[in-house]
Amino acid sequence: MHVIADLCLIPIGVGVSVSNEVAACERVLAAAGLKTALHAYGTNIEGEWDEVFAAIKRCHEVVHGMGVPRISSSLRFGTRIDRSQTMDDKVRSVQQKLGGESR
Amino acid sequence: MHVIADLCLIPIGVGVSVSNEVAACERVLAAAGLKTALHAYGTNIEGEWDEVFAAIKRCHEVVHGMGVPRISSSLRFGTRIDRSQTMDDKVRSVQQKLGGESR
Amino acid sequence: MHVIADLCLIPIGVGVSVSNEVAACERVLAAAGLKTALHAYGTNIEGEWDEVFAAIKRCHEVVHGMGVPRISSSLRFGTRIDRSQTMDDKVRSVQQKLGGESR
Amino acid sequence: MHVIADLCLIPIGVGVSVSNEVAACERVLAAAGLKTALHAYGTNIEGEWDEVFAAIKRCHEVVHGMGVPRISSSLRFGTRIDRSQTMDDKVRSVQQKLGGESR
């Protein structure tokens, strides 16, 4: 089962900056060989279900290993069985509908 | 790794009611032996990471098996290594702070 | 426009416990006269759009006023124009479908 | 109060494709003069609180106006009072920490 996900991991109890922990997660996802795209409020992740969720578990483990006592993540994830679709397909599909407009 | 999660699964492309699919997920989570609590915008789930996420995967599989072509879920999930905490602990902790108030 | 929402507010940079801030939000929502239901990973809120979102803004203001430098919230919110529906309706609709089962 | 948000709006009861509705929301956000960035599972939005949330309300109104009977949105939104921060700042902060790596 293919999944497109969007992960926003929040370390709690370690200070106001979270970029070290987010960068650690980016490394975990890259090491897992997953296709990702970082944005301002999370990271898009695309791949097979088991690989995506194993990497997300590893993110929690790695961030706890950095000394973070508590983590709260928010995740969106979508699956479909009618046809295959990539992250790029999703963005392109919207952009095509906006294409003739001066944005 | 213990996890407290909150799942909101949305079937797409099948009509305006979602309660059949949500009920199917409740059955999946109960069959997995997980502690759950249904609320008006999702379901709290508590358990070991691998069991919780295996059940969530099974929810997507079962709902697709009902003929739903596309699913989008939103999930919150928290882990902590400083101490153990249950769903009941989390609610009680807030309620105690509100306890003296006439709500 | 009527809305059913689910708010999970996370204070960042102030320590590992979040129950004081969550309790403060419960007070804000109660003071706004909104129907709410606290659960282990957020709070259901029901009401008219403008009142619900004014109260959510007030939650951020009050929590910052407690000295919290940074807040990240996750919110689900649903509207429908085909019929009216309350939080209780949503839960009951699922429970009825599970009613004959020995859970 | 400045806010960085991330909106994922899901039309329910109208079919398996959601790109028309997402495109309509992009137009609403652009018309509101807000800074946005579309990604594969939502749209980053940056601006003053009242303007951002007025535009999000308008998204629900416009999508219902397209004949969608039910909408469920998931939103992340963050505020901070310790310093100002843009969407670009957030991404750059993580990328700098990954900068020396061959990704």
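When the chains are written out, they are named A, B, C and D in that same order, and each has its own residue count from 1.
Note that in this section a contact is a pair of C-beta atoms (placed from the backbone, for glycine too) under 8 Å apart; a residue touches a chain by one contact, two chains touch by 3 or more.
It should be emphasised that the depicted structure is a prediction, and the values quoted were computed from it without experimental measurement.
Remark: among chain pairs B-C and A-B, B-C carries the greater number of C-beta contacts.
Distance from the subunit B centre to the subunit C centre is 16 Å, each centre being the mean of its Cα atoms. Centre-to-centre spacing of subunit A and subunit C amounts to 25 Å, using the average Cα coordinate of each chain. Separating the CA-averaged centres of subunit A and subunit B is a span of 20 Å.
Residues of subunit A in contact with two or more other chains: 8, 13, 16, 69-70, 72, 74, 76, 78, 80, 82. Interchain contacts join each chain to each other chain, per the touch definition above. By the touch criterion given at the top, residues 8, 10, 12-13, 15-16, 18, 69-70, 72, 74 of subunit C touch subunit A in their complex. Subunit D contributes residues 4-6, 8, 16-17, 19-20, 22-23, 26-27, 30, 37-42, 44, 46, 74, 76, 78, 80, 82, 87-88, 90-91, 93-95, 97-98, 101, 103 to its touches with subunit A in the complex. Interface residues of subunit C facing subunit D in the complex, by the touch rule stated above, are 1, 13, 49, 53, 57, 60-61, 64, 69-82.
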